[in-house]
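What follows is subunit A paired twice: with subunit B in the first complex and subunit C in the second.
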Partner chain A sequence: MKASKVMVLEYISMMGVPLLLIISVIIIPFHGINDIKYVLMGLIAIGALIYGAIGIKDVYVKGERIDGRGK
Partner chain B sequence: MEGANRDIKLNITRYRPETHEMNRVQYVVKANKYTTVLDALIKVKETQDSTLSVRYSCRMGICGSCGMVINGRPRLACETHLLSLGQDEIYVGPMEGHPILKDLVVDMGEFFEKHKSVMPWLYVDNIEEKFSAKSEYRQERSELDYYLPFSYCIKCGLCVDACPVSNTKPGFLGPQALSQAYRYNSDSRDKGEKLRLEKIDTFEGVWGCEYAGACSEVCPKGVDPALAIQLLKLDVMKFSFTGKVNERKKAKF
Partner chain C sequence: MAANGEEVLMNDKRKDMRGSQSRIARLASFYKEGFIHMLFYRILVPVSIVYGVLVLAWMFYPALGLAVKILTAVVWVLFAPQLFETVKGLALARSRGMVFGHLNKEFTSLYRARYVKGSEYLKVAPYIVIAIWAIAFIVMLVWWWP
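Right, the complex of A and B next:
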């Protein structure tokens, strides 16, 4: 799998989760649209999980110290 | 007084490969406003300690051989004047982002392997045209402008030494190789854009960059590798999802 396919998920969740959070705050006073609120919360949860998973990948892929060089 | 000699303490970090020891040795050199760090190192080697190892060639910031860490910053020794540093005590060490061979000399083998891996040449897919071109490769001024700023790279390795990702993740292609990938991708005479974009679309390629920007800060030639990498990210993303390469590349021949 190309790295760009993972990165686009990271960018979408990076931008999308805060955006959905703002929308969910705005629609709090509106009653009778609970279904939409649940869908939004679901999307926020999925986005946060994806972003978290990619964040963990970043820690291990980018953050590790490999001492194979320059000893 | 402009031409007056001043005593400068030169603290050189020395590495002895036979004992794997690193220590700092102090030499005192006389310097005027024209004296570069490289001049001082050559003077030390000629008059005080002939065992000091330093790599240099052109002495005028063209060959990129004398890259080292001077007062904590990667610089070219031939372009750094001792008095311009504004201190009586100067610290000189090897670039630790590359394997150290001896004293101030580092191994650039891996650096050039990574450079080669992005095909830093004008790729022509038509063998017939490659060996017997029917016409000149003409370029408009606007086409030249796309890659010219990135073609000033002298392969000194200072950007790789400054890059925090290159220093912690040896597999990362590094700012030099990636900026050269962008340089050749932006050349209207080149046909290898797809091959390069496929190669660098990895976490050790273009996506390894964390955009610290240190590479662009230390480049002695004003190349902006950090910008090149961010532009490459856009090109890679576009190619990955649409299969199209950058529209600005329109061959005129």
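Right, the complex of A and C next:
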């Protein structure tokens, strides 16, 4: 099966956001360094926005498949 | 409507005997796990967008730290079923359907003997991941502060 680009992006954000959250917990001792914390939180924010945007199309635009197949 | 199952599923309304595919409540009667997964996913989608915007706002207004922490906890809980199902799906694919699959027993036995050896350990993968997720959740609640 060939994955669509949207699907790849969805999977990256779906696994990336939890991974980044876990990393942010692991590096709690280094939270004093603002740069690290801000970069990580920025990536989490971008990932959450991508995940949400694709999800809206995925579940709330009813009956349409996001990769355009089945039309 | 054709008797051909494929055609029924492929028509524009995406409906078959089970009703509309978008009506997830139908899952509750026969597939609790799938229902919880879909329900949490539907709640998570808008929450995820709000969370993304809030975190970006927090970068400019650090006073929003408490709100970020509260919403992080909410997102954390909502992500749990997604993470579990994702790892489960990857284990299923990785083991070629031997783990978490619903294949005929005879076929499974022959297929495993010939192609897939030693993939049993993948059975515990989703549970390990969800355990790490739960431990990290507690650590986050106690010590994590944006």
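Brief remarks follow.
Following the convention adopted for this analysis, the second predicted complex is superposed on the first by the 54 of 71 C-alpha atoms of A that agree within 3 Å, B and C clash if a C-alpha of one lies under 4 Å from a C-alpha of the other, contacts with A are read in each partner's own complex, and residues count from 1 in each chain.
Methods note: a contact is a pair of C-beta atoms (placed from the backbone, for glycine too) under 8 Å apart; a residue touches a chain by one contact, two chains touch by 3 or more.
Model, not experiment: these values are computed from the prediction.
More residues of subunit A lie in touch with C than with the remaining chain of the pair subunit B and subunit C. When the two structures are aligned on the shared chain, A:Ile33 is found in touch with neither subunit B nor subunit C.
When the two structures are aligned on the shared chain, A:Ile44 is found in touch with subunit C, with no touch to subunit B. Judged by the touch definition given at the top, the superposed model places A:Val8 against subunit B, while subunit C stays out of reach. The contact surfaces that subunit B and subunit C form on subunit A in the two complexes overlap at residues 62-63, 70.
Subunit A meets subunit C in the complex at residues 14-15, 17-18, 21-22, 24-25, 28, 31, 37-38, 41-42, 44-49, 51-53, 55-56, 58-60, 62-63, 70. Residues 2-5, 7-8, 61-66, 68-70 of subunit A are the ones that touch subunit B when the two sit in their complex. Within the complex, the subunit B residues that touch subunit A are 96-100, 110, 165, 168-171, 201-203, 205, 207-208, 210, 233, 236-237, 240-241.
Looking at the complex, you find that subunit C touches subunit A at residues 10, 12-14, 20-22, 38, 41-42, 44-49, 51-53, 55-56, 58-59, 72, 75-76, 79, 82-83, 86, 132-133, 136, 139-140, 143-146.
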